[in-house]
Amino acid sequence: MRILLANPNTSADVTEILLAAARRAASPGTEILGATAPRGVPYIANQAEAQVAGAVALDMLAERAGDYDAAVIAAFGDPGLLGARELLSVPVVGLAEAAMLTACLVGRRFGIVTFSTGLVSWYRDCVDLNGLATRCAGIRALGGAFASLASVGRDREDALVAAAHRMVEEDGADVLVFAGAPLSGLARRVAHRLPVPVVEQVAAAIRQAEILASLDLGTRRRNPPKASEGLASPLAALIAGDPPPPGARRTPDR
Amino acid sequence: MRILLANPNTSADVTEILLAAARRAASPGTEILGATAPRGVPYIANQAEAQVAGAVALDMLAERAGDYDAAVIAAFGDPGLLGARELLSVPVVGLAEAAMLTACLVGRRFGIVTFSTGLVSWYRDCVDLNGLATRCAGIRALGGAFASLASVGRDREDALVAAAHRMVEEDGADVLVFAGAPLSGLARRVAHRLPVPVVEQVAAAIRQAEILASLDLGTRRRNPPKASEGLASPLAALIAGDPPPPGARRTPDR
Amino acid sequence: MRILLANPNTSADVTEILLAAARRAASPGTEILGATAPRGVPYIANQAEAQVAGAVALDMLAERAGDYDAAVIAAFGDPGLLGARELLSVPVVGLAEAAMLTACLVGRRFGIVTFSTGLVSWYRDCVDLNGLATRCAGIRALGGAFASLASVGRDREDALVAAAHRMVEEDGADVLVFAGAPLSGLARRVAHRLPVPVVEQVAAAIRQAEILASLDLGTRRRNPPKASEGLASPLAALIAGDPPPPGARRTPDR
Amino acid sequence: MRILLANPNTSADVTEILLAAARRAASPGTEILGATAPRGVPYIANQAEAQVAGAVALDMLAERAGDYDAAVIAAFGDPGLLGARELLSVPVVGLAEAAMLTACLVGRRFGIVTFSTGLVSWYRDCVDLNGLATRCAGIRALGGAFASLASVGRDREDALVAAAHRMVEEDGADVLVFAGAPLSGLARRVAHRLPVPVVEQVAAAIRQAEILASLDLGTRRRNPPKASEGLASPLAALIAGDPPPPGARRTPDR
Amino acid sequence: MRILLANPNTSADVTEILLAAARRAASPGTEILGATAPRGVPYIANQAEAQVAGAVALDMLAERAGDYDAAVIAAFGDPGLLGARELLSVPVVGLAEAAMLTACLVGRRFGIVTFSTGLVSWYRDCVDLNGLATRCAGIRALGGAFASLASVGRDREDALVAAAHRMVEEDGADVLVFAGAPLSGLARRVAHRLPVPVVEQVAAAIRQAEILASLDLGTRRRNPPKASEGLASPLAALIAGDPPPPGARRTPDR
Amino acid sequence: MRILLANPNTSADVTEILLAAARRAASPGTEILGATAPRGVPYIANQAEAQVAGAVALDMLAERAGDYDAAVIAAFGDPGLLGARELLSVPVVGLAEAAMLTACLVGRRFGIVTFSTGLVSWYRDCVDLNGLATRCAGIRALGGAFASLASVGRDREDALVAAAHRMVEEDGADVLVFAGAPLSGLARRVAHRLPVPVVEQVAAAIRQAEILASLDLGTRRRNPPKASEGLASPLAALIAGDPPPPGARRTPDR
């Protein structure tokens, strides 16, 4: 099985972090394809950037359509996810939804911990959009600036663990998620320091994508075909309901 | 005061319908500038098309930044709205939110009537995103295909009025909204045939934009400046927090 | 256009504050008529006082019926609003609903700041009654007594600004409302000291009333006519569905 | 123990129906005092009438303060209830809240059946105000006019039972409430014809009032004393926090 | 009337505390029968223990079926309640639901105070299961271990009162519940030290059970008869829909 | 990896249906162990039966503790799930939660279709307990009796498909779940007849259990050790926090 891990951020070093976590989590026989956004911002942090990055994500997925059996949109906040799911004939999973829904199988109230207060408003909208507000114990973020996006997970490791402890003790979280692509891999490093289970966002997304690709889910509902103008041709083809290019895989491995 | 009415659909004839309704509703002294999406689909109907159109809307607004005192994103469903609000120093209003919030000032439960079942899922997400589910009596849509986007409001007028009557009698709506850009102007034509008030979506949006532009709201919170790559330069400038071009208006008329 | 600003409190000095803010906000051509409650309490702070004041507000509006094109019930908490809307053939707007719904067009989560803890429970009920709990970041109030109702907005200005800062930083509010008739005008004075937009309650109410009066909303649903006994005759006439007195205006200016 | 049953409608014949149901339900040793609204409408059906009637109810309760150990506001919709609870030192119970909360002890989802569609909007607001929307299976009402308020419960008995059956079969109600003062006593007459329990609104209210009066609940939180002007003197005395008149009972029987 | 107070904990000394509170609260003519769980844990504190204890509670109620007119499941959290209500022909009331619903008749937002943080998660689930989250101001618990289950209410009395004060001042509770069987009787002892009313859980449950047993509620909906295997024979008989044993009372005293 | 599929119903033929579906869905290398409830009812349909069956499920899981790496409680409605999760050191998944949360990764609103109206109330409580009401388009059930539990899925196949079509067309479901152990395998047979994806409940549960067992989730929060009396000794040992018997596996395969 081939899973496309599409990083809608433009930071190639964050893609590397994501791919490392994804390959560690993938089942034997699953191949992970990486992709980094060709345009946009290094790190999506709000609705404006997510609007642009989500459209870029659709282009990234369309361009590679037929080459993968499932896709993961690899930014917490899931830019472009709902649209991608409508367009593609294979499953698409978001980092945030996968982490949160997996956490719901582990505990009653998940706590989200992230590295910058600038992300909180967007993440809260994401919790609400998933209808999971009653399952969420809260969102805690570190204040202050960070030196490097790629290393913030290591640089602020102790502060992130301390915030996670407070989520458990003060907010009643019984399962945790470290949120944001740069924190990929952190769960595995610090789970032993925390009193409740921690769901690793990338591992959850890859494994959920594997499940969806392997289940016999039947017909995916697709949007009705529609003409468009001015869009990149792969995306235009998807919107037009054109058949995938010759040679492309159309069906998940089963 | 100048208000940019940005139609994120590519249909210029829909822009004409929208502009006619907007100019009818505008206060004396308000000038309406129209814009039609340079790329995308003729009529946005779902999350995938809204993802793309919302990014196009940001480009449209960025390109004209400094030329208007407020903007209206003129598609029910409000593609790109949350992001636009973060980026611009002037108010931005969506057709759906303006119609729904205005309706909340008129009745306890608004009913939404539209011309195609293909729109219902997206509109329902929009109601939820605005946190207005408890104020919404429901969404009703006409089944079947329609001949022409630009004339569907006139062609199906009786069926739309009948659906509106059912919203009042069966669903308890005490105020109505005809939703979707092609239905602009319908409210004015049929209000006398209905037993409860009808909020005209474009009129509501234009008038709310005028209010926001004229109130002394103080500092708009803007996203922190960020570098980007590969984006159209006006949008990149907004994301970078660059000062507007010389000669552009920066402050609303007061 | 004539708008009746009905202060359901008995404090004439608060009416003056309200009128000053209203006249500052009104569009050219809008005339503001003021009225102070002839009976009740100087400052409504709870459900008991709102029950009485709301009935007085209906009398005030009934007595002047035909003399105005729209009315504002000028107490945050909106006593009598839902009833007034059922009885009158012209739009009626409440200070709280206008401020909150306008704030929803500016940000995702509004914060309410007021001058006395004794108001919080009533204001919270008001947020809930409007179905806006998910859009409200919280309510913060100053503790302690205040020397003068009419001057509390100036006397405690710094403390109110400090509470507003905490709403933004600790509760995630991205737009603010200073609530309570005595705080009218405060938004304008302190907006420059705050990092997010501030909606002035009276300005929002007056401008929303203007919109509603000028839109072609069609038939207002009225309660069926009913006989009553012992009520002041203008209110009894409204409840009885009697035609307005000769010479009264029946239709909004358009 | 003495319980004041205050009918905020002006219909003395409805008071008789209420009193009959109340006396049938009261425990031995409980005396029921009846009172009919001295002004207002014969039958409250909407927010406007409830606003006026609620203020009249406060006057009725204030006038007799000291003469009763608990009070029931005997209109479904509970006009004036929240305010009365703040003002009085004895418990006050509403017909709607008592019926709904009692029903919550009997089943998972209560269904409300009433005799006129004109009541539905107000009753729905009442369910919401009590925060019980998730426990309510719905509200069903008979269409058409009714000949006599006092006899509608008997005249339309079969239609009401049929509507109740539909609530159970189609809406999943597992407990029922016949709502509206004129339907008092209906539950007792028709319970044997229905497949789920039926809560009699007046019986529930009287028995709940008895409980509250007999429990050691401790200090009731009262509003801070406040001067007023132009109100009936007993109500003004309550708002002013004046001691009850000499000879009045201040403490519930225990 | 005979009410079975079934303690699903195995602690006989807690049963004594419960019985003392129950007998103090019961109306004249009500006889309270006590029962202690024959197996399980001394004090139920979580979902696992509640699952077992709830099944034991069904056995306890089945074994004594016909001997009582109503039953109270005497653990806050109400293990087995929903099932018991389906099986028995007499009313069954839980300590938590009775306390919370009674509190809703006294104030707008109840606060729950308990003696161990280990209970909070289970109690929160109980609030949600009752659909009362919007009426609940929060749950506060004492940290640290306690010396004796039977005496914790007296040993930590001051700390519990302090927590209750904070619920009122910081969380806006306007009525309080001390939750957990070992705190039975505490409300009566400390109500005078608190600024808002306090609902005693056992008193509320006994009085609500009395009401339900005395009201003419009509047919209780019962589960369809079903064969089972391996269950204690009284429970098997209830599930099989067998008639109660000869000599047993089937109908509440009225 | 070994997964225990515990059928809390006593029907061995339903266990066979479940095992067939489980083995079809399991990954290579996963061994499925089946278990049928030794006491209880053939088919759990309500809260009473779920209370008993959930306690039996805890016994079943405790008895085999150490023999499996993850467990599935194989009844839609998930009896005993929350408790099992607290007690065991390995993951436990319920049929309902797994199906619903997986469906949330596929569509915006899942529809539940089942074979008997007698199940609807319990399933609705289960949706609410999972906090997923806003993601659920509704629950539809076949009326009438069924001949055989084991064959109802085949006997009523057309009717179930028809109900599923109505969920899509009338209720807006964009993904479906056939609910109830006897319907295991139905999704695979009929998915091609339906216009939206169908999640197979057993496949979802087995695959989610595999994920949870293979992820590095860290410390599972366990209840504090507690003495009990009269319980089956394996369950008593779990509650007492005793170490698993020698030779038992304690750690998931990784």
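Note that the chains are named A, B, C, D, E and F in the order they appear, and that numbering of residues resets to 1 at the start of each chain.
Rule of thumb we're sticking to: a residue touches a chain if its C-beta (ideal position, glycine included) is under 8 Å from a C-beta of that chain, and two chains touch if they have at least 3 such contacts.
Just so we're clear, the structure is a prediction, and the values are computed from it rather than from any experiment.
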Open item on the list: What rotation angle takes the CA atoms of chain A onto those of chain C? Round to the nearest 5 degrees.
Closed with: 120
Open item on the list: Can you compute the centre-to-centre distance for chain B and chain C, using the mean CA position of each chain? Integer Å is fine.
Closed with: 27
TODO: Would you mind pulling out the distance in Å between where the CA atoms of chain C average out and where those of chain E do?
DONE: 44
Task: Rounded Å distance, chain C centre to chain F centre (Cα mean) - done: 53
Task: Multi-chain contact residues (two or more partners), chain B - done: 82, 85, 108, 125, 128, 131, 134, 174
Task: Chain contact graph, described as a line, ring, star, complete graph or other shape - done: other
TODO: Mind listing each pair of touching chains for me?
DONE: A-B, A-C, A-E, A-F, B-C, B-D, B-F, C-D, C-E, D-E, D-F, E-F
Open item on the list: So in the complex, the part of chain B that touches chain C is made up of which residues?
Closed with: 25, 27, 82, 85, 91, 93, 97-98, 101-102, 104-108, 130-132, 134-135, 174, 187-188, 191-192, 194-200, 203-204, 207-208, 211-212, 214-221
Open item on the list: Under the stated contact criterion, what part of chain F meets chain B in this complex?
Closed with: 108, 134, 172, 174
Open item on the list: Going by the contact rule set out above, which residues of chain D touch chain C in the complex?
Closed with: 10, 38-42, 45-52, 54-56, 58, 80, 82-87, 118, 125, 128-129, 131, 223-224, 226-231, 235, 239
Task: Residues of chain B touching chain F in the complex - done: 120-121, 124-125, 128, 133
